[in-house]
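What follows is a pair of complexes built around chain A, which joins chain B in one and chain C in the other.
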Partner chain A sequence: MGKLTIGCFSSLVGSMTLDWAVKLSGAAIEKGHKVDLWVSGNATMLSIQDQRAFKDYSSLEKPLKELMAKGLNVTACEACAEARGYNKDNTMEGFKRFSMDWYLASTFNADRVLHIGGE
Partner chain B sequence: MKLVTFVSDYKINVDTLDRLKPEKLGIVLVENGVYHATTKENGNPSSLLNHSADYYVLLNDLETRGLTADDVIDSKVKVIGFGDIVDLIFNDYDKTAWL
Partner chain C sequence: MATTKLGFIIQRPGYKSENQKLALTHAIASQSVEIYLDDDDEVICDVAFTGDGVLNCIKDQKALENYDLSSTESHIKMGLLCDLNILVCKEDLEKFGLSKSDIVIDAEEFGADVEVKVVPFEEINKMMDDVNHLLFF
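Let's turn to the complex of A and B:
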């Protein structure tokens, strides 16, 4: 088994790329791989706790928590989060916040890297 | 280098794919990119299918758009799931790209 680092730089609403990245993370964990998921830009909204789940609307908190319980290592860009008013108080438990060098370090010891750019 | 490229858009207007010259190229159609596998314009299939590459399309993203494997118009495009994508990334290719 190996380690996959995914970097996702997209928004939640309007673009399903963040959902896609979470699904891929789940599939990789299911296959026994280790996954680091880095979110930057608008994708840092993934880190906010207590988001309300509406029908037919992207809601990733529940699946994300399930994956974190299975070992998903997910980190938000601290600067991007703070720039959007997301601070420690409303960050989901277990969701780390670091600067970009965390992502770079993660890619350096990954077997595979998938960088999903923002729109 | 063995490169797997994820095409996530239908109205892709960059020539990145033309400029990529890996030893082995895989093209995985995801999100709105799945329309390249199902849509004809003026009677012609998408020109994106003309590269010498192994082609795949993600069933989840077909179904999200109300499409099925039967809507795929070219048999060289293989219908796969997320688990298959993980295997492609780890076993069949060594680099990835997202367009």
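Let's turn to the complex of A and C:
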């Protein structure tokens, strides 16, 4: 089985791109692949805990936690998060926060890198 | 020892989104990636500006004065200081009536040894062929 590194830079609310990235992560994990998901820029919105799930807006906390329990490795860009006021105290449990070199390191031994730019 | 090469392709203009700055800051992060890797392993990043993205390279940007933000120009200079291979598409520059004299080429004031290279798209294509993974911004 392989390793997939996904970098996503699109926001959770206002875009469906993160929904797609999380679904792709799930599909890869179901097939037995290892997945690193890096969120940077507006995509760090994904890391905030206790977001209220309305049916009109994307809400990924539940599927994300299920995938993390299955081994999905999710990391947010710490600087991008802090710039938006997303700090350690309001970060979802299990969501890692590192600097950008973590993403590059993840690509080092990835079989495929899928980089999804921001808006 | 193993090397992974990444190609950062910047296609969008600056000051409309943060894409171009995120591309440069991620590429610059290759300077500290070794903390996650085994000894002698490395990640090398090449950066290419193409399409509307070449507008990011125009010199004398006034981002600090107008937005109180560091300019994309200063990020490019930091990239040079980190010895990144930074390419700018010659044909795309010419489409905007721009030439080498209109864009940031060096970062002598920071002590950078390398310069931005204005090259035909063919060379950027070659770079894209040579890297392990491409990241489009």
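In this text, the second predicted complex is superposed on the first by the 118 of 119 C-alpha atoms of A that agree within 3 Å, B and C clash if a C-alpha of one lies under 4 Å from a C-alpha of the other, contacts with A are read in each partner's own complex, and residues count from 1 in each chain.
The working rule: contacts are C-beta pairs under 8 Å (C-beta built on N, C-alpha and C of every residue); 3 or more make two chains touch, one makes a residue touch a chain.
What you see is a predicted model; the values in this text were computed from it and never measured.
Visitor: In the superposed model on chain A, is it clash or fit for chain B and chain C?
Guide: fit
Visitor: Between chain B (first) and chain C (second), which does A:Met92 come into contact with in this model arrangement: first, second, both, or neither?
Guide: Neither: A:Met92 stays clear of chain B and chain C.
Visitor: Given the overlay on chain A, how many degrees, to the nearest 10, lie between chain B and chain C at the CA centre of chain A?
Guide: For this superposed arrangement the angle is about 70 degrees.
Visitor: When the two structures are overlaid on chain A, which partner does A:Gly2 contact: first (chain B), second (chain C), both, or neither?
Guide: first
Visitor: Regarding the shared-chain residue A:His115, is it in contact with chain B (first), chain C (second), both, or neither?
Guide: Both: A:His115 reaches chain B and chain C.
Visitor: Considering only the touch criterion stated at the top, classify A:Tyr103 as touching first (chain B), second (chain C), both, or neither.
Guide: In the superposition, A:Tyr103 contacts chain C only.
Visitor: With the two structures laid over each other on chain A, which partner does A:Ser40 touch: chain B (first), chain C (second), both, or neither?
Guide: Only chain C is touched by A:Ser40; chain B is not.
Visitor: Rounded to whole Å, what minimum CA distance do you find between chain B and chain C in the overlaid structures?
Guide: Minimum over all C-alpha pairs: 6 Å.
Visitor: So chain A touches chain B in one structure and chain C in the other; where do those two contact lists coincide?
Guide: The answer is residues 112-113, 115, 117 of chain A.
Visitor: Any idea which chain A residues touch chain C in the complex?
Guide: Residues in contact with chain C: 7, 9, 40-41, 79-80, 99-105, 107-110, 112-113, 115, 117-119.
Visitor: Per the contact definition, I'd like the list of chain C residues that touch chain A in the complex.
Guide: Its residues touching chain A are 2, 4, 6, 17-19, 22, 25-26, 29-33, 35-37, 41, 43, 45, 132-137.
Visitor: Can you tell me which positions in chain B touch chain A when the two form their complex?
Guide: Answer in residue numbers: 6, 8, 30-31, 60-61, 64, 81-83, 85-87, 89-90, 94, 96, 98.
Visitor: Which positions of chain A touch chain B when the two form their complex?
Guide: By the definition above, chain A touches chain B via 2, 4, 16-17, 20, 23-24, 26-28, 30-31, 33, 111-117.
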